[in-house]
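Each of the next two complexes has subunit A plus one other chain: subunit B in the first, subunit C in the second.
Take a look at the complex of A and B:
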């Protein structure tokens, strides 16, 4: 384009910025930007720099070396992943069929939704207490099974891996369910009907139409519940086995900070925790980027 | 499922709660026919189509394909193609994959899928756009994809729900011709829903005119156009002059009704007795402005609309009644004119009670005085 064709260089420049979505309305983003900077970026950078200043001296990376050389500490990563990944996956996959069922309008839908969503409001501690009462060695679950003579002694379902796992399902599922339900209702139901008139069976319709349109939403849901589960702390202590099978990474950071008072080491652990989460997030996002993420024709 | 010779709808009805969206629909569709379902908004056209497609379960009646009952089959087993009002293209699939979808569901060999998809893409002239996603197409192109997707399976019946309602006027005319051409060249049987009488008249072999969930008239375009069975159908078929009057004299078919201080002659469409409250209907095309005083109908021109070769004129008669008329003579608002009604074109319908009258016309006439 020649300069003489346009109404002048300044206007041209503005047009070109506007084409890329840059205009004065961007100032509206300023408060949010400041908020993010103050509340997230600053503490993050502070922690990051703190982690490079080991309390007992040594090289810049001493804290990180210490963590990775200590098998007891290093294993917290895998312990956490081993709890958080399956829990997040199960949350998402359990949410899909239930949300699918609850899509239309039917009697009692509001009650169902309330029952499914109530655990959000309970909080982790109450959930943990409930779990102990229900699944503990003298809880109803074991008592019923023993009463029916299905088992001889109580099955251990608390104060170990399963306790934490169940607690993550109870608190994470409602999130997953609500998210999946909203993604699902954003998909135009006539698409499935169109597929039906083209000869697609129920399962083919789900696999070829609904699932591909839902997949980006599922990825997002998975990430949110994963991040929630990855920073699991209270239930790891209350219904887990914090000294062994559920010694999660946040527990390691807590111990460094409030038992050994080594904030620098604790910051390093927090940074590692963040890095591991980022890796998972990045993998999922790369996969998500390859999916179709445009309009799904729904009414939102 | 292969083709059929006859598809019969037998007392088909669909009820939502306590309201009948569709009731007592009896219709036999012959192979190769182009049927238009026509009626005002909310009259149950989409409901009828969805019942046929199997997307809505019936609450009454049955559907027969030759001697096989099909209203209990799910849509995927009926093998009818459907073009949806909002197209319902799969947004994550390319044009080619959208069109191939049905063929793939049939698990046809790859080679055949490719060949038939290519042929369908050619047929709707979308070769350059085959790799695009639906979101990257214009309305008319999306429309063509929807048609190709529904017809590539060579279904025994193609259902179309107001497929042209989202297009602009020019494209609508083009697509009309194109749909009719496809119907003929592929030997399809088509049920086409529209609320546009012109569209229905120009495309269909037979029209089914509906109102409030019930069939009002079934007939060829000519029958429905020239001999509407009720004044509601007449209203819908462009009889803009609907006059609530009382019959002053009846002699067999010939009815005389008062109009504009004098009387005019009409043709009874049903049982009319002198003194009955009736509805007289006549098209604007059959009301002409005359130079000579022939029938003694006189009025004053109120509104003139330019419509190309002709002028559409609204004339107020001496008794305040307003008539829509046509003329090729140049007239101006305020001019006094004489009016002739083409003999035999004023249709007189019995009305089924005080509620069954063209109320809107009455009100506007009343307001205008």
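Take a look at the complex of A and C:
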């Protein structure tokens, strides 16, 4: 062995690494890895350490104490959750029966899904502009309701909680619907037919077959919709009441950074925002882990 | 069943109305009517002369478009939007596609960690990492310029390219690559002559998806743009939040131009991808 020591051990070492998947192809990962480290991990850690160095001196946790001692700032957490959680839940639970009815093929399905993509691509800024016109006191919505004599005077739907809520429905519901629809079409329809031959009624089939298979997908859908709703920013300013009922946490972080130029405090708020979101995500993921996660029998 | 013609596909279910079906269709139609109202009211307002307490504006005109074009300097804004988006698309494909190839083909120690770090920027709300990112970009002098906007927009775009490309690469049979290698092709030839042509649909799909998302991305551009590097959606936000300075109709005209631009992109995008792919990486069943 020692006589052939020249290329032997290095070759061997390379070979053994290659068997575990470490070879020269991994260099292709380098640009993306550097990118994530420089533009995502480093700023994140920088922001984290900055949040522990308060601009006006004080203890390490001064920024966090400042946030939680100030009711005006602290309440932004609950304001955000109060908007994001109901909106995300409504989007997901409204999407289930509608997607259930519309799975399979029918005429105009492609057209319908195409139209549904429109509000997602337009984004919240344009939706806000439209909602101000449409739901405003002299907008078409109030006009129709008054024309039908359902209400006496215009109801106030913009520049308050409901304006933001509707903007989250308009952009969030199509998103949730398309996701649920794709999860549903991944479930093998023969499972349900088998249950039907065994005498299960329509509601039993839904409750015992479809729903358990769909639940993990619903959890994922809820998470993605919640992330969208949680970071609501433009519509909270434009169709909401940014000084009061819709002063969300992203707005508090923005104001600290770009109005008070206190990047340290702004980073602290951004970290709190991330932490609150991760708590919700973790709760949903723990719940999801207890669900069935095997094959859904389809292409899913 | 016997009455149906033989040409009708058996998979199509009849849409016979059960009570729940009526409720569901009513909800869907209600949603679409409101959506049409939201988009339509912006459109009508942008063509209206004056519109106060009536169903429709008192007269129609197109001069708001000219006003908006001049007042908001839209030529520059649209140029910035297109240049920034094109740069983001090219860079994110160049960075993301090789990584997607490795992730689709190989198992290696730490793969899960790498995968998770690519997933995180998509799962986090843009404002959460946008504020520390903007702080860093300001520190190094990138923010406030086009370069800062491009760098910030790369953060969600590269992972998005990786996620959309991976299934496309998995579909390419690795034996084709082995065969090419056995016939004497080098790594470069395998990539350029074998993989690239096979991956054109995937590259187009991910490029167009990144394009749509970058043109529509508000938060990151908003946090990093300076006065001469605003994209259309950020300029729209500023003109809206400064309401009262400009006529409402010229803001609406700008919104319509933004909508038109997005719809053109969307029509192009839907030639290459399924609607569901815009939100998820799941592929629909063939129709």
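Operating definition for what follows: the second predicted complex is superposed on the first by the 262 of 300 C-alpha atoms of A that agree within 3 Å, B and C clash if a C-alpha of one lies under 4 Å from a C-alpha of the other, contacts with A are read in each partner's own complex, and residues count from 1 in each chain.
As a convention for this text, a contact is a pair of C-beta atoms (placed from the backbone, for glycine too) under 8 Å apart; a residue touches a chain by one contact, two chains touch by 3 or more.
Predicted model only: the values in this text are computed from it and were never measured.
In the superposition on chain A, A:106 makes contact with subunit C only, while subunit B stays out of contact range.
By the touch criterion defined above, A:40 reaches subunit C but does not reach subunit B.
Within the superposed three-chain model, A:204 lies in touch with subunit B and out of touch with subunit C [touch as defined at top]. Contacts of A:214 after superposition on the shared chain: neither subunit B nor subunit C is touched. Put subunit B and subunit C next to each other and count what each touches on subunit A; the higher total goes to C. By the document's definition of touching, of the two partners only subunit B reaches A:188; subunit C does not. By the document's definition of touching, of the two partners only subunit B reaches A:196; subunit C does not. By the touch criterion defined above, A:122 lies against subunit C but remains apart from subunit B after alignment on the C-alpha atoms of chain A.
Only residues 53-55, 74-76, 78-82, 84, 86, 88-92, 101-102, 105-106, 133, 135, 149-150, 153, 159 of subunit B touch subunit A when the two sit together in their complex.
Those residues of subunit A that touch subunit B in the complex are listed here as 188, 190-191, 193-201, 204, 208-209, 212-213, 291-292, 294-297.
Touching subunit C in their complex are the following residues of subunit A: 20-22, 25-26, 28-29, 31-33, 35-36, 39-44, 46-48, 50, 94, 97-98, 101, 104-106, 110, 113-131, 133-134, 138-141, 143, 170, 173, 175, 178-179, 181-183, 185-186, 223-224, 227-228, 230-231, 233-234, 237-238, 250, 253-254, 257, 263, 266-267, 269-271, 273-274, 277, 281, 299-300.
Within the complex formed with subunit A, the subunit C residues making contact are 9, 11-13, 15, 20-21, 24, 27-28, 31-32, 34-35, 37-42, 45, 52-53, 55, 94-96, 98-99, 101-103, 105-109, 111, 114, 117-118, 120-121, 123-136, 151-152, 154-155, 158-159, 162, 212, 216, 218-219, 223, 233, 236-237, 240-241, 251-252, 255, 258-259, 262-263, 265-266, 270, 274-276, 278-280, 282-285, 287.
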